[in-house]
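These notes are about the structure you will find just below.
Naming follows writing order (A, B, C and D), and every chain is counted from residue 1.
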């Protein structure tokens, strides 16, 4: 069972100038599963993701990725180890086209140096085209061929979310963190997005951790769920177990403790 | 790129249209700076230059029966714009250029011989260009900045009772921290060693011209016996004000020839006693100025403000134009041509000899001293006098002071040689010489 | 009618990844290059070549450098002129210490010196950004300018305090100094600018360009793509300073012929900034358009009234140029924040659908 | 060793040896600092209320002073010219709001920053077009500004305080106090603070953003006028002053972009720092270091405390 765990969070606490965001939280993510993190607003979900991909450094506790512990890791190191991420408020490169955004996700996979880049012939061009092919596959997969050359700043919100997912997929991540991938979407868009998430998980075998508010979607999608409230973990388990957990019900219904 | 092409097309046509000048004229471009940070000085100079030449056109119909085609080009004291002006006037066959900025003069010096356009950089530019054998196309009469420094030192010595009395004195040097201000440094160093005075240096960065309190604090600490200034533009009024603030004795504050009346006036009564070098009068009481008033100003053909006519820099512009005009006249005399070109005027300037009699004819008797250039000496190293600010205007207070030519010449020779070496292959002089010295 | 991409199907990604995927654009580029290499030298007067084209190309090159920094990487610099100065002084020193090596080698080499200095002054960009960085680059501007004045070694202790360019030759043809004809100098500048523009275009369209733009648009997300901020920013500083340095060397050696430290003052930095803003941030074509407009504008303002027979004082012309430049900046920011380059794109778009816009 | 002595010991020996000069240097630094602080104050006012980094603040100072002097040169009595200049600054504020801020609202900050460059050039051009480019003298007497100096014989020497500089310090203090009262006690002032905190909140209490911008720019214009008068009286009024006014930028780094006390303290630190540096350490490397010392101080500061003296630590939110 041990080998099965891709990422483990061990007793992590995080605070900002005295304000505690996360208190002593532990959970793990298994290879190939879809893991959901839920909880009311301000529960520390996004902070948790930020800890995982190295934006925040917890004051206490540790993160084990592939079984190796690390305390202070830079975001780009997390990226090079295969952790990709989307954001709650889309964080696309607004001045660039869809294609360029997704190609930017390939940065780590491109190795031709400065010299070849200035020439853009021979190896550099070959590399560029090879990665273009890969990105076209993602574009096909996400059904965004028609906006390939459009600047992303002008796209509707739903499509931007999809491009952002595409950009994360371009990194061929082992662990994909999705921060509210369906926020602000209508039902149809949500269904599309759910389909993409499941396909990613099944076709590429990518492990996914996602934050989502739509409980219905979460229950359908995820293999296991961890529930946070005020920075504490209050429940962890398969959807059915979590659904019936009294603490979770209280938290969501706002019942006083 | 289309827009660019249209713009270029415009520029091309313009540059083709522009040289359509009357044949029977001598083209004299005037580089002026009525804008930019030094416009305060530049406007008066421009007016003086322009008005004298216009006066010749109005009164005499030009020079030797040929009208002068006068054209101003605005440089804003900016080297790049100055070069643009040069390129713009070049196709029209100018007989000489007056860059009126050391920065513009320097790049033009090597071009002069190639383009056959002489440069008249009157008491500015490259000092070494006084050496006519190395720089046949460049003229910088009547003095170099080194001459100026030597005359200031001589004046100070005269106050103290002789050059040997300078020993142990402290002389401060406040200068614009640019090529112009730094040029006299090696010479000052040499003089201080020769005469045993102590030099104190106060550089003023160009962008701090109006913020000199640190320099003047240093002056207060060092208490130099005399202060010498090589300033420019807004640096000068600020320095006079700071000197007043520091309670520096104004009578002992002597500047090179650039400050205007306005530069001193700013400090009010406290500026009385401030001194500058000059080689021409600073009033309007001369026949030549009267003629300018009559033929140009009163006809509304001058841009000059009435109260600026006859001021230091206006008169300097007049003096500059006098050299231009005499150079052209000389060229006509030597070549026998009426419409002269740049090569002719180069010879004309080289054999320039404005003696007392000629000055009288020009209506400049007492306005300035005579000047004579030769093939070897393109400067003249003329004596200057010290003028003192009396609260309203400058008053001449000394007789003519001769520069220490014996000390300046070796430096000029060494510099000219170094210039030619650094800019190798520097062309050997092949131009004809009409006046062996 | 003639500007259509209909029927031009791209069958390979290679074709689609080309920098000018539309055939007419490639033809247009060929025409421009033909005009630049053949028509202008053939038909243009000396004034056009020496006072319009050479300065325009040099300034455009510097503007490209600045655009790499501001337009592509989002780092504001107010010190471009100082980096041009570093290039110019480096080239002067190198060519006087090793006069036997061809000066063109040193013009390019001086870019590397400028690059190194640029990286040093780019170091604070990791901790500071936006306006703060702009102010930090002012430190570079004023400090370097002070060095040009103060360190006599830099200008070989010339009494004039300026750097002067002696004559150099290439294959026996004078390329610098008074003997070099404007046409020769123009070709040297043109070749360097064309090659460096091509390099820049390759860079900004590839991985490195994308990582710069990623840093510009959203630095946090860029880190998650595995882009290290400091190397990306420093590389932008290095490339930008390289372009500025070469432009500075060209400015002194091919255009001015001699320069005082004042040639690299803060106003020059501002003017380059205006070229980039008006031309279009993050656009190489825009750098050229902006440089053309800003450089040619005063010339037009100077000559137009004359040509129309309306005498306007030289001073007034200068003042008007200031007002018009300022107004143009405001106009472009308000009406078309992406500058002339965007107008260019819109024009192309219109042409694409002309004459049936629906 | 000698070099170390000259850097680390000798300047202090000099300070101790001539305390009157030290005091004088500090005083000159403080006065220069007050003027930097006033320009920085204009920046801060505008930045707080509209989020615009107003690069044109320096040129507004020159423009205001030039208008005043230009009018008096054309024969307008000084007090009337002063009123007219204030009027011109108001019109400028209205014009800026109408033609720059309103069309650019919600644009990225960088766009607005660059727009103020455009404004700078327009102001230089218009100013020179109307009044000419010559440096002009400030009519100090007509404006009831004192001249002369108070010479204090203390510390075994002489400390000379220019009355004009004292007046500048007094006027600056009065102006800062006035602004403080304006912000704390008046309805408009409170509204301005509300805008600074939250544009939406300000709108919801019924304040027109456009009016606020006009008021802020006008206030900054008046501050600029006062600064221009002071600096113009010290040297002449010319566009060369603009480069000096850039010194307010390092002041802002020290003080933070939004802090009025920061602007003042920062101004004084920069003013004193660069005078001490130039006076005691400048000669070691040839002098003239004043042109960049302020920026170097600011740069060093940035690396250790990027948020400024009084700014709050910025936590990056994702």
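Everything that follows uses one rule, which is that a contact is a pair of C-beta atoms (placed from the backbone, for glycine too) under 8 Å apart; a residue touches a chain by one contact, two chains touch by 3 or more.
What you see is a predicted model; the values in this text were computed from it and never measured.
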Taking each chain's centre as the mean of its Cα atoms, which chain lies farthest from chain A?
B
Comparison of B-D and C-D by number of C-beta pairs in contact, larger one
C-D
If you average the CA atoms of chain B and of chain C, how many Å lie between those two points?
36
Averaging C-alpha coordinates per chain, one finds the centres of chain C and chain D separated by a number of Å equal to 33
Could you grab the centroid distance between chain A and chain D? Build each centroid from C-alpha atoms only and quote it in angstrom.
48
Quick check: what residues of chain B touch more than one other chain, meaning two or more?
34-36, 39, 43, 177, 205, 207
Which parts of chain A, given as residue numbers and ranges, touch two or more other chains?
55, 87, 91
For chain C, jot down the residues that touch at least 2 other chains.
142, 146, 149-150, 220, 266, 315, 318-319
In the complex, chain D residues that touch chain C
53, 99-100, 103-104, 107, 109-111, 113-115, 117-126, 128-129, 132-133, 243, 246, 249-250, 252-253, 257, 285-286, 288-289, 291-292, 295-296, 298-299, 302-303, 306, 316, 318
Under the definition above, what is the set of chain C residues touching chain D in their complex?
74, 76, 124, 127-128, 130-132, 134-136, 138-139, 142-143, 145-146, 149-150, 220, 266, 270, 273-274, 277, 315-316, 318-330, 333-334, 337
Along chain B, where are the residues that touch chain D in the complex?
34-37, 39-40, 43, 177, 201-205, 207-211, 213-215, 217-218, 220-221, 233-234, 237-238, 241, 245-247, 262, 265-266, 268
Residues of chain C defined as touching chain B within the complex:
28, 32, 35, 40, 43-48, 50-53, 55, 96, 142, 146, 149-150, 156, 158-162, 164-167, 177-179, 255-263, 265-266, 285, 288-289, 292-293, 296, 298-300, 302-304, 306-307, 313-315, 317-319, 340, 344, 347
Write out the stretch or stretches of chain C touching chain A in their complex.
12-14, 16-17, 19, 199, 202-203, 205-208, 210-211, 213-214, 216-218, 220-228, 235, 282
